[in-house]
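Just so it is clear, A, B, C, D, E, F, G and H label the chains in written order, and each chain counts residues from 1 on its own.
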Amino acid sequence: MAKVLMKGNEALAEAAIQAGCRHYFGYPITPQNEVTAYMAKRMPEVGGVFLQAESEVSAINMVYGAGGAGARVLITSSSPGISLMQEGISYIAGAEVPCVIANIMRGGPGLGGIQPSQSDYFQATKGGGHGDYKLIVLAPSTIQEMAELVQQAFHIADKYRNPVMILGDGMLGQMMEPVDFDILKKEENKIEEKPWATTGKGTRNKRNIINSLELDPQILEKHNIEIFKKYQKAAKEEVRYEMTNCEEAEIILVAYGTIARVAKNAIEIAKRENIKVGLIRPISLWPFPEEPFKKTKDHVKAYLTIEMSMGQMIEDVKIAVNGQKEVYFYGRVGGMVPEPMAILEEIKKIRGKK
Amino acid sequence: MAKVLMKGNEALAEAAIQAGCRHYFGYPITPQNEVTAYMAKRMPEVGGVFLQAESEVSAINMVYGAGGAGARVLITSSSPGISLMQEGISYIAGAEVPCVIANIMRGGPGLGGIQPSQSDYFQATKGGGHGDYKLIVLAPSTIQEMAELVQQAFHIADKYRNPVMILGDGMLGQMMEPVDFDILKKEENKIEEKPWATTGKGTRNKRNIINSLELDPQILEKHNIEIFKKYQKAAKEEVRYEMTNCEEAEIILVAYGTIARVAKNAIEIAKRENIKVGLIRPISLWPFPEEPFKKTKDHVKAYLTIEMSMGQMIEDVKIAVNGQKEVYFYGRVGGMVPEPMAILEEIKKIRGKK
Amino acid sequence: MEERIIFAGFGGQGIMSMGLIMSYAGMMDGKNVSWLPSYGPEMRGGTANCHVTISDEPVGSPIINEATVVVAMNRPSLEKYEQDIVKGGLLLINSSLITIEHKRRDIEVYRIPTNDIANQLGNLKVANSIMIGVLMGLKNMISEAAIKISFGKVFEGKENLIPLNIKAYERGKEFISSISSQLVAR
Amino acid sequence: MEERIIFAGFGGQGIMSMGLIMSYAGMMDGKNVSWLPSYGPEMRGGTANCHVTISDEPVGSPIINEATVVVAMNRPSLEKYEQDIVKGGLLLINSSLITIEHKRRDIEVYRIPTNDIANQLGNLKVANSIMIGVLMGLKNMISEAAIKISFGKVFEGKENLIPLNIKAYERGKEFISSISSQLVAR
Amino acid sequence: MTVVFQKTKGLTDTPFHYCPGCTHGIVHRLVAETMEELGVLDKAIGVAPVGCAVFAYEYFNCDMQEAAHGRAPAVATGIKRVHPDKIVFTYQGDGDLAAIGTAETVHAAARGENITVIFINNAIYGMTGGQMAPTSLIGQETLTTPYGRKPETNGYPIKMCEMLSTLEGAAYIERVSVYDVKHVLNAKKAIKNAFKAQINKKGFSMIEVLSSCPTNWGMSPNEALKWIKDKMEQYYPLGVYKNTLEEEK
Amino acid sequence: MTVVFQKTKGLTDTPFHYCPGCTHGIVHRLVAETMEELGVLDKAIGVAPVGCAVFAYEYFNCDMQEAAHGRAPAVATGIKRVHPDKIVFTYQGDGDLAAIGTAETVHAAARGENITVIFINNAIYGMTGGQMAPTSLIGQETLTTPYGRKPETNGYPIKMCEMLSTLEGAAYIERVSVYDVKHVLNAKKAIKNAFKAQINKKGFSMIEVLSSCPTNWGMSPNEALKWIKDKMEQYYPLGVYKNTLEEEK
Amino acid sequence: MMEMMKLKQVIFNENLCKSCELCVEACPKHIIEMDKDKLNVKGYHPAMIKEENMEKCISCGFCAIMCPDTVITVIK
Amino acid sequence: MMEMMKLKQVIFNENLCKSCELCVEACPKHIIEMDKDKLNVKGYHPAMIKEENMEKCISCGFCAIMCPDTVITVIK
């Protein structure tokens, strides 16, 4: 049967395997442990490699090695573990090694808690590591979409030779929903030749080198510019978003991942009270979708960004809105989840203004 | 004699010592090695502790321990090393431990190069680590200001029980200028009691605990909100900036650190050609100064952000300008430094528009 | 149709499985479903709950703030979730362990001595399946066939447990259909 | 007054010290100064340079794009920095090591056989101090007293080297004042 | 009336959150008793790990810091360098100390950092639900070695005592267990020696305690103790691996 | 005409950037010769460190990856797990391998990761200008131990061979030097053994090479070789510390 | 309270008990058992010694030494 | 070229030489010295063997073995 009931974490793992990923490196951390467990079981079944590294620092550098050697490779963790990977991620981007990194976010800062959170948005989209680089960041909102985006992620990573991040939260990782793997686009799973990979020179007449060092500033600048050309391309081709009820909306909510689902509930409740509310759901957090804001700015009164953070994506919303309309914020943190009624309250407050 | 000729890195170290810092933990990395060398020499002379850790990960956690134990503590590194500290920095902010962190930036991403760069702006100001937290980020532009801001940094760190980052670049670290330590405000160097520190319970009737863990989302949320109250206070009290020739400027440059100096040269050259150009130099990068943009937006035609990056601070400039005026960007990366003439070219291009 | 069910009790009572059985069955019936567990170390010997939504429409938030059904398997669960039930919603109380009274007067409430019934069946662990039977007896949200398949799915690898659980399920249905009227606490 | 001087040569020629001596002296004279070295492992056996600005105004960028003076101690330095000199600016060439011709005709150029003079003084290492003397002989940007103190400062810990370096400095001055006119390559 | 046994003042009144029969509780008590008996509670600063003992700061009746996963020895180093005359200890699991914290552990030992490390080797990641630890035994089934730990892919268990005792900075290293009364009493003695080494400024001391995780081993608490004795102790021989205290005598 | 000695094809034509007399060059050559002689150049994938040997990817005539500081064994692990039949080696300095990369080194060894590690112990951080390394000798003056390395504050030098040979996954561990012809030849033999261990799928192999850093030691190249012999070798005894190759015979 | 303590030799802080039975195994006199009739605040059957068995106690303290949750005080 | 090689026994790839003198120390016949009259492209005085000393060479290869910069080829 096509549909299976799966946890987000499991769907993530299974989607990766179906995308041809045969190398997984990771280190246990709640709330993404199901990925590790699933991979430990499944990888040997499909002749793949599951390796529990001694730390996230190690794991991300194994990913660098494996990705550089030509494999489709996945690593997953949660907030503190992702912080430990920042140097490695910068290296991977700098050396143009494709890989998929998933962050199943939990409450911070520090050890924080293990309940869902979206407070690593900045880290994911602006670059938690040093230097000028970008991750392409995809934020699924359902388990089906998790499976879909994970497969796209591998494709995109290879296309741009750049790390792609799946940004989910503990709720998405832990919850179960039906997934249909059969309906996913299979062409994403075709793995193309990687003539640049370190596979041993063999009969190739040129050595392959994976590297991010360049002491000559002029050449290093050129390298940076080359990388940013890829990002410009991605900014055109990889923008993904969903718009719900935006056509006549007076107020538009902006939310991603699981919180977009809460927002949809709020829209329904608002409808009952005859308040027209819409939703812009960025699916690609980088490149951040600016288009839907352009489309809506004429009829909308204000935007309300809702996050499980103290206010992070709101900065991108502000930049997209560019002062044309007011941008408001409502957030819950530390594992608390915004409730539809509370969102409605905020909507009413905004309507009350002016 | 009051004035001494010093490298930025040395001034950083000496200023810390004069601010009562007696604990330094670090790991060698170019272009900040002079700090390590200076501290290795000086700390034993003043009865302080210099410890070369086994890694930046270790070093930042030593800082957590020492800061939590009540010491004024400094750590310095450069880009890749700072990336490795991101988990630790998030812990330090989460546990409300004061400390001063300096990043003498070099070209990235990855191993990159060792020439000056400003491409860790995002990491410093948005939070390279996980969770909702902020560093107070100060960016000196001269060696004298380096000394001044380092001393303020210790004061601010203690005042808010939060890490403060000094953001410089390789040029600032390596260059020499005269410094006058005598004219610095000495009151910043008074160290206040830290009744919260882990000093051994002694006769205290309450145990002191340094911690960032809180499994209950409600309490963790409260903790986050408390921390952000401090940030709101800082956003009022710690904003620092400099405005040059802004009153009648047609175009205003926005630049920080060493690049603000290059910008000043460009202003001089422009003056010769009768082009009125001003400069907003954010000194605190977080809190980012919005006020000077409000002050200038009526008469200015456009803002031109200049960075040694592919465009990072420009996002904060855009948010501050909020669509009121155009915001342009000119940047060099990988160790290349914008030249005054090139900036002038950009200015002319902007003037040509519309 | 949208049912939003909170199952709650302590670890070991098979709370997660209750949710899973309903979710699988809902999926089998072509409905949209979501299952959201509480997670983390606090579960160790502590409380456990899961939120299950079964709906004709795509499921919005998997978190249930307004439950159509609450199944309370122990006292803290009753105290915690009673207030979250929508007006006219359903509250099932495991009266074997919960001696206190419920407070709401605008909902339908049933008290079922599930542990006692389970004991009669010779295995305390099937209390959860009894409750599923009760729920199905009261609310016809999913097909009988789907539930049966679902039991098979959830007990995969422990097939020997299926017959007893199905029996418990039937007992729950019987129990509620025979004496439901007396139990209505309204 | 603002002098923007680039000292360039290879490692071991005392390039950094030349800049330091001028910077210290400038500071001593109450001027604003900045000294910016090239740095990093590429210096190992490679080229070295430093940018020194001495000014009545606060120093803008420490990077010198338009030099008022370039001191080229070896051939690659000449080739690299000649173009950065402002019109009317000054170029000092260590003719002991640089045999090629300079190209600019809109600047003042002097060729000084510093290594040879240094050899005469019995120590090749003082070539840099000779060049400082030449520079001071040509451009009176700092006081003599400040320069002398500055030598003391830069050779702190190696005081025994001071007399010879001061001597070299004087020799440089003499050299240029006596025969400067013949050397002008314009 | 003689008190044969009562709860030490080294522990707070907060009840442990550990699973039934988890030996973390026993070791907590031994450390606390040691500190009380040595009279150092008022000058002790402990460092809690990330692992099941993450809440150790709630239990030890002294100042405490909660460290990032694996970094307790670095944190302790920071504290000790600020307060060289205070007593600083860490309490860490095998994932914390022997996996992610390997570098911090090795270098604290190499530096002869004058701290005491209590190392709970339960051959598993308890807190995260039972994944392989660096110390998991060959063949041991865990969440991440569902087919049993295989040396070809998962490598071999690390013997920390053996490894660290090659370092000159290590002053006192002993491996003990707590699977019966005799061994608990011996563990106590070892822990006391470790703290004494610190008090005498000898350098780095570590006590490795072979411990149980009944929950993730899938055993009853008593079965788990038996497993320590029958399985773990075979691979991890008990005993003193380094002792510079003796030199004094 | 017989060629007694000529440059190996295992090296590219790029001239080394190392300082005059730096033994990095000798060891590069030995590794390259070994690969050529074993016929594995076409299936070798090397990992360069961060350290003076950072440009190793320019020199070894095979596919190469440049790793982050200290992470070469992790990178090599990633590569080896993708290409288990290729020959994967790292080349690392003492800061890289024994300081920041301690955990990666220890765990690659513990896992018995079938890779070869060439470890250049020159008792200093060469690339960054001469700071203390974990292997710097007691009393040694460096940029960060300007008063000499003191055990009380800086701890003791780490003996990696001794430490790693306590691990079951380590298949071949030897310490050699290159301070004279005899030792260079012996070093070559050791490196060959290490690669053979990998070819025979024995597990982790490491050769520690006591090396010189004339620049940062402030010595002439020949003085530096003498210092290796007189000072370093005293603290770091040469020899085979682990050898599972022998078992075969 | 003091009175009580004098009478008893082994005191269980019942509500801390997690029913792990380590004390049961440790007691050389085999006099400790779980109180199946009682559930403590945590929901466990606490350990106990029946009145009639208390006299068999030799105050060795083994039970307390093995108890991971500091449930037991032993007085002689 | 081949002609030349036959004549010589020890060939220095002069421009690679960094004047470290490790070969000088290694040569059992003490026939290697620095060519003080020559600077190579890197600015070093390269190692050399004077014509008249070449015959003393025993082709042991020690010089090449110690040379860190693969300057030396030894042919017999």
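Throughout what follows, a contact is a pair of C-beta atoms (placed from the backbone, for glycine too) under 8 Å apart; a residue touches a chain by one contact, two chains touch by 3 or more.
The chain lineup, named per UniProt: C, D = Pyruvate/ketoisovalerate oxidoreductase; E, F = Thiamine pyrophosphate TPP-binding domain-containing protein; G, H = 4Fe-4S ferredoxin.
These numbers were taken from a predicted model, which means no experiment stands behind them.
S.K.: Please state, in steps, how far chain E lies from chain D along the shortest route of touching chains.
M.R.: Steps on the shortest route: 2.
S.K.: In terms of C-beta pairs in contact, which two chains are most connected?
M.R.: If you count contacting C-beta pairs, the leading pair is A-B.
S.K.: Please flag the chain sitting at the greatest distance from chain F, going by CA centroids.
M.R.: So the chain farthest away from chain F turns out to be C.
S.K.: Just the number, please: Cα centre separation of chain C and chain H (4Fe-4S ferredoxin) in whole Å.
M.R.: Each chain's C-alpha centroid was found; their separation is 88 Å.
S.K.: Could you put a whole-Å number on the gap between the CA centroids of chain A and chain H (4Fe-4S ferredoxin)?
M.R.: 60
S.K.: Just the number, please: Cα centre separation of chain D and chain H (4Fe-4S ferredoxin) in whole Å.
M.R.: Roughly 38 Å separates the two chain centres.
S.K.: Could you put a whole-Å number on the gap between the CA centroids of chain D and chain F?
M.R.: Taking the mean C-alpha position of each chain, the two centres sit 43 Å apart.
S.K.: What are the residues of chain B that contact at least two other chains?
M.R.: Within chain B, the residues that touch at least two other chains are 30, 49, 51, 54-55, 57, 80, 87, 91, 95, 110-111, 114-115, 211-213, 215.
S.K.: Enumerate the residues of chain D that touch no fewer than two other chains.
M.R.: 40-41, 45
S.K.: When you check chain F against every other chain, which residues touch at least two of them?
M.R.: 19-20, 54, 66, 68, 99-100, 102-103, 106-107, 134, 154
S.K.: Quick one: in the complex, what on chain A touches chain B?
M.R.: Those residues of chain A that touch chain B are 57, 79-80, 82-84, 86-87, 90-95, 105, 107-115, 117, 119-120, 122-123, 126-133, 211-225, 227-228, 309-310, 312, 315, 318-319, 321-324, 332-336.
S.K.: Within the complex, which stretch of chain H (4Fe-4S ferredoxin) touches chain F?
M.R.: Touch residues, chain H (4Fe-4S ferredoxin) against chain F: 5-6, 16, 18-22, 24-26, 44, 59-62, 64-70, 72-76.
S.K.: Tell me, which parts of chain E touch chain G (4Fe-4S ferredoxin) in their complex?
M.R.: Touch list, chain E to chain G (4Fe-4S ferredoxin): 1-7, 11, 15-16, 18-26, 29, 180-181, 184-185, 214, 220-222, 225.
S.K.: Can you list the residues on chain F that touch chain A in the complex?
M.R.: Touch list, chain F to chain A: 12, 41-45, 47-48, 54-55, 57, 61-68, 71, 74-83, 86-87, 103-104, 106-107.
S.K.: Which of the residues in chain B end up touching chain E in this complex?
M.R.: 23, 25, 49, 51, 53-55, 57-59, 61-71, 73, 87-88, 91, 95, 198-203, 207-213
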